[in-house]
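First up is the structure itself, then whatever we jot down about it.
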Amino acid sequence: MTRDTFDATTVKPSHWNLSSVIEQLRVSREATHNIRHHGRVRELPSREALTTIVNGLQAVLFPTHYGRPNLTDESIDFFVGDTLNTTLNRLAEQVRRGLQFSAEEAIPDEEALTRQAHDITRQFAAGLPQIRALLVSDVQAAFSGDPAATSVAEIMLCYPGTIAILYYRLAHSLHSLGSPFLARLISDIAHSLTGIDIHPAAQIGASFFIDHGTGVVIGETAIIGQRVRLYQHVTLGAKRFPADEQGVLIKGVPRHPIVEDDVVIYAGATILGRITIGAGSTIGGNVWLTQGVPPGSNVAQAQMRND
Amino acid sequence: MTRDTFDATTVKPSHWNLSSVIEQLRVSREATHNIRHHGRVRELPSREALTTIVNGLQAVLFPTHYGRPNLTDESIDFFVGDTLNTTLNRLAEQVRRGLQFSAEEAIPDEEALTRQAHDITRQFAAGLPQIRALLVSDVQAAFSGDPAATSVAEIMLCYPGTIAILYYRLAHSLHSLGSPFLARLISDIAHSLTGIDIHPAAQIGASFFIDHGTGVVIGETAIIGQRVRLYQHVTLGAKRFPADEQGVLIKGVPRHPIVEDDVVIYAGATILGRITIGAGSTIGGNVWLTQGVPPGSNVAQAQMRND
Amino acid sequence: MTRDTFDATTVKPSHWNLSSVIEQLRVSREATHNIRHHGRVRELPSREALTTIVNGLQAVLFPTHYGRPNLTDESIDFFVGDTLNTTLNRLAEQVRRGLQFSAEEAIPDEEALTRQAHDITRQFAAGLPQIRALLVSDVQAAFSGDPAATSVAEIMLCYPGTIAILYYRLAHSLHSLGSPFLARLISDIAHSLTGIDIHPAAQIGASFFIDHGTGVVIGETAIIGQRVRLYQHVTLGAKRFPADEQGVLIKGVPRHPIVEDDVVIYAGATILGRITIGAGSTIGGNVWLTQGVPPGSNVAQAQMRND
Amino acid sequence: MTRDTFDATTVKPSHWNLSSVIEQLRVSREATHNIRHHGRVRELPSREALTTIVNGLQAVLFPTHYGRPNLTDESIDFFVGDTLNTTLNRLAEQVRRGLQFSAEEAIPDEEALTRQAHDITRQFAAGLPQIRALLVSDVQAAFSGDPAATSVAEIMLCYPGTIAILYYRLAHSLHSLGSPFLARLISDIAHSLTGIDIHPAAQIGASFFIDHGTGVVIGETAIIGQRVRLYQHVTLGAKRFPADEQGVLIKGVPRHPIVEDDVVIYAGATILGRITIGAGSTIGGNVWLTQGVPPGSNVAQAQMRND
Amino acid sequence: MTRDTFDATTVKPSHWNLSSVIEQLRVSREATHNIRHHGRVRELPSREALTTIVNGLQAVLFPTHYGRPNLTDESIDFFVGDTLNTTLNRLAEQVRRGLQFSAEEAIPDEEALTRQAHDITRQFAAGLPQIRALLVSDVQAAFSGDPAATSVAEIMLCYPGTIAILYYRLAHSLHSLGSPFLARLISDIAHSLTGIDIHPAAQIGASFFIDHGTGVVIGETAIIGQRVRLYQHVTLGAKRFPADEQGVLIKGVPRHPIVEDDVVIYAGATILGRITIGAGSTIGGNVWLTQGVPPGSNVAQAQMRND
Amino acid sequence: MTRDTFDATTVKPSHWNLSSVIEQLRVSREATHNIRHHGRVRELPSREALTTIVNGLQAVLFPTHYGRPNLTDESIDFFVGDTLNTTLNRLAEQVRRGLQFSAEEAIPDEEALTRQAHDITRQFAAGLPQIRALLVSDVQAAFSGDPAATSVAEIMLCYPGTIAILYYRLAHSLHSLGSPFLARLISDIAHSLTGIDIHPAAQIGASFFIDHGTGVVIGETAIIGQRVRLYQHVTLGAKRFPADEQGVLIKGVPRHPIVEDDVVIYAGATILGRITIGAGSTIGGNVWLTQGVPPGSNVAQAQMRND
């Protein structure tokens, strides 16, 4: 279908008092409501570039599903190699930009920054085969965990959980290698695409499956074992935030749940605080849980009232 | 040839050990973590193509709302006709691709597949007027069900529920005609756009209205009557998944609720299992419900605790 | 990564019975299921144009975060000025279109409409510095309210709540100036991007922070004080909809909660009706609340059942 | 907002003395070298829009060659109709803009201008079938006049002369209907594409063929009969320009050649002034001709010198 | 610089008598001026696809000049391999389409056509290294033949002759392998870009250099030796076209000049007919030559007249 | 009009012997036909970037003709300022790249190169008002020199000569400031757009007018006075190229004509060598001239032969 270009401007241009508005915005920006970093100018990482980069990594990891149709035996490695090279060059630049924001105070000189960005990128590349192995375990968990799933291809293409976990595993690797800002940006792109919000610092074992997924939140210090299954609206959050004597929040303290192996958490459950959900437990839908449960527990919501 | 676009690469290219990473990825792909289908190469349906197709169908169904501005009496049918033709040609190709994944074992020969894709597409086209009638009933239900709605145009353009239902009704038609993979892909696109996840196999009657909608999940075997109204975070899910003796999930068993005519389900309610919500019932917010209720019921959550 | 263009049409064109389908669609459109406004043709506002407009406004308000990299002292005001001018011209046209839909009955003549659109746009521009001040307070609230936040840049780029509030404050200004349709469209774009659904007519004070945010719904007549913090899945909704004697919903009646200053509402809480949450209260996760609570309250969900 | 695309800017931004340059440019623009029309602001026609319009007209006239592949009997008229409608709407707008520049002194009011633009466009549309007939005669002349031509398709797709004549015939129609500025713009687009420069006011009969064509110039008042064939570098130009007593050129005086039916003019011939090349004549390569020749003439260059 | 999108349609849509025009166009198309091939529908090769293909081949042949900046030793072959594979797949499809037009009468069945297209494409690929060798000789001839040339990079990027010869050598290879239509289309693209028109069937030896080049025409049966240099406006054309008894042109007869090794032909010379320019000759500017000259000749134009 | 995307690949992928071709290309590239510069890797200037840059400069110089429609008094300087800033940043990067190719032997270090690029760019910016003055004189010369010209707008939009001179004056400025490679690239872009080839090192006075223009060539050392008028196919070229004792061409020697003030040169004239065309002379069409003529001369071609 053809759409005409969108910004037909039939309204004639007018006088907008541009000078006055711009003057006030400058005052707001530079004086009254200045939020700009006071130091040398730092280029921000680009959301669009990261989207392209993650698309490239998807294609590198699963060329027949996310790459190009009809790759042949003689051509597939050329495709993977060229895509990987392009993608790593782009990534190194974004890592470099992000590094400027990771260390708040002392930014190393440009050359050291670039070297560091290259080292991180090279290590990230070296870890891709291992990430692929984890992702295959996740896809297989989805296939065996959802009776509605009819093929691996369906899980690769139609499950938001697959996308969320894929972005998470890439972001987690960057986070671990020392590129936290970039990692957060990647997780926010996944959040926007899927409604699933996984902090890249969270630790998640193999064979992880999120079904439907909208509204899932997994916090910064959460630890999740192997073969865990979550449904939509599940929150693994913090109960309270420790603050110092001035009331300033202390960052980085463990404050999210530990979920052991083989746990299933149904839709809408809210689990808060540094508590442990024992291995093999099942947490029912809409449950609000702030205390740990032993392995093999079966927790369900209080009964409803039927008027 | 590919030219890069937006992402300025100020970081100089580096040595990434490409050969080593690519070698390991090949081993992962072909040996250790091979998830590729073992048969002839099958082109996957394209998410981008389907987005274009659904945009085309929207324009065909509601040319003044989703088509092109300022269509006139002498031109509207040319627009509808040309858009429909283009869209059906594209759809037929995607249906063909999808068919290869529907039947896991024996794929018919290429020519039979193409013929089948054309038949499905032709029947789908024939059903469009009926789909339009249903969608008009849905829009009218929104207008009369939401006091914040000010015009039909607002419902067509600003309500995620409208988009989710439109995608669902198109996907359901394709599912019914034998193109389940494509149907799933369409429903996942709607999910990403709206946060509303309706399985295309679900059966939903006329005058259906979802308000706000983020987090709504409607499962594969759910059946919904006429004039039903849902709010955000409502789950119509499965309680448990029957497995066979080897522990493999049995697919296709009815396991989601039946919601009869004129039911209203408020935000956050989770309704699980093959239970029936009787006609005219009201289910309150955040309720967790695993047993059926008779017609005219009024179910609310247990009381909160006020410390 | 290079993707080949997506709609390769290997399936040969077929006979689709176009004439018959088009004929039936025309009958549906013009007779049996006609939902078109009966008056003069009115161009709809364009979602794409509004996205471009909001991007432009973001760049005008925060040029170093959302504008162009590497703006210098001598160039920044040229950028802001040119972007603002372009954006206001586009906005005036969309406001003009939207005005046709705000007043259902009597649309003023074209010239009056254009003049009105210009007036609204000019007033909107004049209010931008004040909107910027509010947004800075919101960003600071996020920084001090989330222990996981590491920099202002992270909050500007990686927090869906930031985007949702930014869109809301722009939409609310347009709503207040008499452009409700446009305001709704902007809020729906934010909803699609973030999963957060704030009606533009809601009133929200400074230093507002939504964490994670997916599934948050804030209704049309809600009133929120200063320094309020919400988490994901929080609903500030209506309990019931007053109808007139014919059963037609009465529009515009206050029916959503009032949340006073310094309230925190945790994930999944559903608060319905024109009730007041007193200042300084804390509402726990998953609570379903339909009655007001006094200042300083601490409301939590009923206990779960542990089988 | 505009985002940069392809041009990586590794050079850091610098201080360009923007204010000074901009100030001087303003002085040049408004005072010392002011070439702006002194009257109300007039939007210029858009070269890009005209390119789109001509592409649309090509598709309308020859849908299987310039339109869309694989049009079927049931779909072709929908395509032609929709493309024609879109194209005429675009054309009417460009005609309206162009009209402001055709009449230098008194521009009619906006409404009269719009009405006039619509009348011209409607008449232009009515003439399209006749233009198609002429173009088919031209294509057939190419096929029978060039031994290297192997198919009609080759002539439609690979001959710059075909494009130049097609653009000319469309431009000539617009010129005749009172839209000379637009006509000139179209002829300049063709000139840029093909190196062939035909003034839209020239009159050219059926079955016209230009082979190779680069460097052909046909002046404003040239008249060309039927079945004429030109090769590259042929000029049909003016010898001198009559001026009035103040030395100002008199515009519109016939000053270019008349070429009668069945004339062939070989590469590089320069024919100047209001002279007549009699029917059936052959003009040799590189000839410089400023006097008319009778029918049946055979003119060749003076002999070369061989040192 | 930002340009607003171009087709703002401020002119309201009008009544264009679409039905009447479309009806007349159909009659012209199907009856009175029908130029369509009478046989099965054949997709035309695509000019846009060929432009992409030639860009790809340029990148494959000279990756550092026409490919991607900053290719490294470890990445260059991945780039070349992936670009070559993509380009050959695209080329095979265009060759297939073109083959339908090469043989006017009997088109082989689809499968044979595809097989033939693959064979041609595979042979074409095998010839690329040899084409590269020729092109390097051409570039070196330009560098040593033009005192204004300052570097190889300048010749690769700024000389239209380089582009024209590159396109010619690719087109000539396709022509020789049996894909004449495609070859012609490629040569016409080069013609449009450079003003240089070389028929792909012409035979041209190594170290060929065209300076400036606009208006150069080299005919179908021309034969050019090694180390030949041409300037702008040089025509190597046919003098007359032999026709059969019915007056139909006989196609394929040798009718263009033979230019032996080490000849220089200056600007504007027109050389017509199957004549031989002996090795080492110099032909002066604007000469019109229809008889052969022995080796070592020095031909100049007759003297000018100075009034 | 909608065109489907162009590279539908209905032909199945095949085996292309990629490895063999790639291997041979590598050998050709690195050994047998290596034309790569032997030194550090140097990024080439980008033709696309330069096109964008020239578009930006056009908009800066003539914002109402080449910029954005409907600029107002309050907005025009914001537009000019922002466009100029963006364009200069882009230009500085391209100048930097080009500098690497200007000095063949010793490239200064990166920082010196960047500084030099900024200096050139800053001086270039400072010269823009003067360039504008010259261009206005050129436009006025066209208006008074062509009886077919109807308005300044027509000359700005529809005359290839205007574009060619505009590109030339910008390129000449860059050439003079020490950026010859970039200057050549700009002149080649103009050549491709207009068929007019002006070497950026040529010196051309004010009020210069080229009518039609296809095939005009003006050589590197040509000097043209004020108020000169040229027509299509005029060559101001070199007669012979002085070589040193090894036969290597000596670069930079004056070898093109000097054309004094108020000269008119008609279509197809070829003027070669370092000769002087005296002020006020008229050179007729197709003349081949290798000796200077005194002021006020009137040179015409020898008579034709009429068989």
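We call the chains A, B, C, D, E and F, going by the order they appear; numbering starts again at 1 in every chain.
Here is the rule we use: contacts are C-beta pairs under 8 Å (C-beta built on N, C-alpha and C of every residue); 3 or more make two chains touch, one makes a residue touch a chain.
In this text, all values refer to a predicted model and were calculated from it rather than measured experimentally.
Colleague: Determine, among B-C, C-D or E-F, the equivalent of interface A-F; equivalence here requires over half of the contact pairs to be the same by residue number.
Modeller: The pair repeating the interface of A-F is C-D.
Colleague: Count the residue numbers both chain D and chain E use at their shared interface, divide by all numbers used there, and answer same if that is over half, different if under half.
Modeller: Mostly different residues form this interface, as fewer than half of the numbers used are common to both chains.
Colleague: Count the C-beta contact pairs for A-B and for C-F, then tell me which is higher.
Modeller: Pair with the higher count of C-beta contacts: A-B.
Colleague: How many angstrom lie between the centres of chain B and chain E, each centre taken as the mean Cα position?
Modeller: About 50 Å, centre to centre.
Colleague: In angstrom, rounded to a whole number, how far apart do the mean CA points of chain D and chain F lie?
Modeller: 24
Colleague: State, to the nearest whole Å, the distance from the C-alpha centre of chain B to the C-alpha centre of chain D.
Modeller: 51
Colleague: If you average the CA atoms of chain A and of chain D, how many Å lie between those two points?
Modeller: Chain centroid spacing, chain A to chain D, equals 56 Å.
Colleague: Going by the contact rule already set, what residues in chain F reach two or more other chains?
Modeller: Chain F, residues with two or more chain partners: 1-2, 4, 6-10, 12-18, 48, 52, 68-70, 72, 74-75, 77-78, 81, 83-86, 89, 195, 214-215, 233, 268, 286, 300-303.
Colleague: In the complex of these two chains, what residues of chain F are touching chain D?
Modeller: Touch list, chain F to chain D: 1-4, 8, 46, 48-49, 52, 60-61, 63-65, 69-70, 77, 80-81, 84-86, 88-90, 92-94, 96, 114, 117-118, 121-122, 125-126, 128-129, 132-133, 136, 139-140, 144-154, 157-160, 193-195, 212, 214-215, 231-233, 266-268, 284-286, 300-307.
Colleague: Applying the document's contact rule, which stretches of chain D touch chain F when the two form their complex?
Modeller: Chain D residues touching chain F: 4, 6-18, 20-22, 24-29, 32-33, 35-37, 41, 43-45, 47, 52, 55-56, 59, 67-69, 83, 86-87, 101-102, 104, 180-181, 184-185, 187-188, 191-192, 195, 197, 199, 214-215, 217, 219-220, 233, 235, 237-238, 241-242, 248-253, 255, 268, 270, 272, 284, 286-289, 293, 297-303.
Colleague: Residues of chain B touching chain D in their complex?
Modeller: Touch list, chain B to chain D: 3-10, 68, 70, 72, 74-75, 77-79, 81-86, 89.
Colleague: Give every residue of chain F touching chain A within the complex, in rising order.
Modeller: 1-2, 9, 12-19, 70-72, 74-75, 78
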